């Protein structure tokens, strides 16, 4: 019995590359996305009838940039049995999320595309192209990259290298070498969090922020109905004092969270805030 | 100068524990409260300290209803020592005894000279002076009992109610404790003690109150209360009686009485 | 024994009044609280000219350093001592009252109820519009718990009944908190709350101090007023009652006091564990086992511990800042184990 099971296992393993190759030869028609960032790219790049399911997170306009595209698309919670029952040709997952499910999917030889976390704008471009290719629409990927580049090109970078500090980023990082850091630099600003260097997750104490001599303090835009403790910070007297000096700018978290064309929006808003004439010291 | 129970009935959880109790206690006397297990002795003591409210009748202290008194006043006038309370923290014997002064202290006030003196007196009378600095877990059960008795004495109340004060003591300290309680009554305190040792009760008490099945079945001097008939009926025992070398009469429970199967059944019902 | 009553001359030291040792312990602890509060104000993340900021503050100049001093450093230091005092005092009161060395301020379920209140208000979306929504929710949760427990306590339920009610309340509030986190529309907010519950004093403002100080003062007063009653309860409830202690009154004062002090503490700082459990044990060898004697020292020692832990998390260059509850648990848990082992040794 055991021998037969082992043989069967090896047979499946041996069959896997063949299955993957078969999947990439022509456009997959049953695609399931298991990660919000994958959802955003899949919904923008795939044909509607290619998409079997996305995550429930994609439908929430407060966290997702593709809520309207996701309307009507079936959603999952990323559980193995949900995914397996859909019998997908291609599963797109994050490299760091739903690991157990991805592991099992690989064992039953479902083709899985795992997306890494890009560290800069080139990484964003590469990931767009990667997903577009896997979906069988490389030309749409090129178009999206071109659109991203055009939007970035239209941004007037900050005229002075102001010092920007992102407070309480949720679900993204502004550490040096991360995408957040790259976006801040693309806007022509200096990333103070990199300078303070205390905190990889950017949970900078307000005191450090106030004394770090930052010109721009970047916070999440409080979304109604989406409670976040980060919002309570906005009420702190010291923060209000900084805001009165015109040193704060709010950018919704969802623009930072995933690699995609929307990251150009972050760069644009940062640069605009920096170029705005204000009572900045 | 009396503590009176008038037609007291106590019902707990639908079960009648005491009924038809009329009792007039007076100061200056040492009263032994005896009866088999489950007779209601401890409940009677709790009624006398207002820990249990009678469902009928009432308790008066010198004509004044006990239930109408403030807790503090009551605590200053009636001291009580209950059985099995133990000591919850390793506090010193002196601290245990000092707790007896609590009813006399105002909130947040310190210890007065009078308090110190009362504590010292109580410790001397119970022979625990040498234990003053010892803490609870290092005390023998007899030492703990004496410390707790000293605590009750330190209240220096008009009334002293004690529940089985000598059970854990060795013979010498049993005799000491009984003598001490009698001496306290001679100083004008009203002493009521729940006792199981009929011999010591007969020897030291001025008056014996016998409870059986929640009723008062005898209330007289030891000689008159503890007749052979009563001992057989209530306790299911026979006693040897005689005269000691010093001329006092003694009583000694000696054997189970013969034809008392029913009563002995009663006696094993836990109270 | 029938001899005339002798009066023993009282020993030179008066062991029945407040012993000199206890007074010294209280004085030293009070000084330590004061010193650590000042250190806490002086210590921070960024180089900061405290005297200059103080000069600005006194002169009424609303400069940024003055604001950092007055709205961040001072509240943080004050909250450290207030929350610590509340935890230490409540721990000592609960252990004394329940005659159980393993009781802690959360034993009646007040901390869990406060956390639940905060979480519910938070997910009601009030946190975005009202700056003190979170602590107010916490206080409301603690208040509800106190009403429930007091209803039980006033009916004269036993100490054991009170503990059982507390355990039940704790689990229920814990489950409802988890449920609220599960239903959260913001997956990151759930993470935020989990971290918040571990206890922290960072980025609090003077508003938080103003909110919790009066509640805590009343709570402290209620609990400190039970000192001699707790002493009497050492001999059991019957004896305490015979000594004039109002058992129901004591219970109500303790439940209400604990709810005010710990509830508002949790509301502003999250749950900081182990302080209330450990501190009374640290004080007992110094001031004796009498529960009433341990109340004030335990409160002060609690303040010292929380202030020290909060200074510690700022000096340790960890990223992100360690949660206070994590630090106190790291120190407290080994202590608890040693305590359990030693107790077992003594019973054997």
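Per-chain numbering from 1; labels A, B and C assigned in written order.
Everything that follows uses one rule, which is that a residue touches a chain if its C-beta (ideal position, glycine included) is under 8 Å from a C-beta of that chain, and two chains touch if they have at least 3 such contacts.
Keep in mind the model is a prediction, meaning the values are calculated, not measured.
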Set of chains adjacent to subunit B and to subunit C: none
Far-end chain from subunit B, centres as C-alpha averages: A
Chain centre separation (subunit B, subunit C; CA means) in Å: 42
Subunit A-subunit C separation of Cα centroids, rounded to whole Å: 42
Separation of subunit A from subunit B, taking each centre as the mean of its C-alpha atoms, in whole Å: 80
In the complex, subunit B residues that touch subunit C: 46, 49, 51, 71-72, 74-76, 78-82, 84-92, 94-96, 98-100, 102-103, 105, 107, 110-111, 115-117, 119-121, 123-125, 127, 129, 132-133, 135, 137, 148, 151, 155, 176, 179-180, 183
Subunit C contact footprint on subunit A (complex, rising order): 57, 60, 62-63, 170-171, 198-201, 203, 205-208, 210-212, 222, 224-233, 235-238, 241-242, 253
Subunit C residues touching subunit B - in the complex, by the definition given at the top: 1-2, 5-10, 14-18, 96, 99, 225, 228, 231-236, 238-239, 241-246, 288-291, 346
Interface residues, subunit C side, partner subunit A - complex: 44-48, 62, 64-65, 67-68, 71-73, 122-125, 127-128, 130-134, 184-189, 191-193, 196, 202-203, 205-207, 317, 319-321
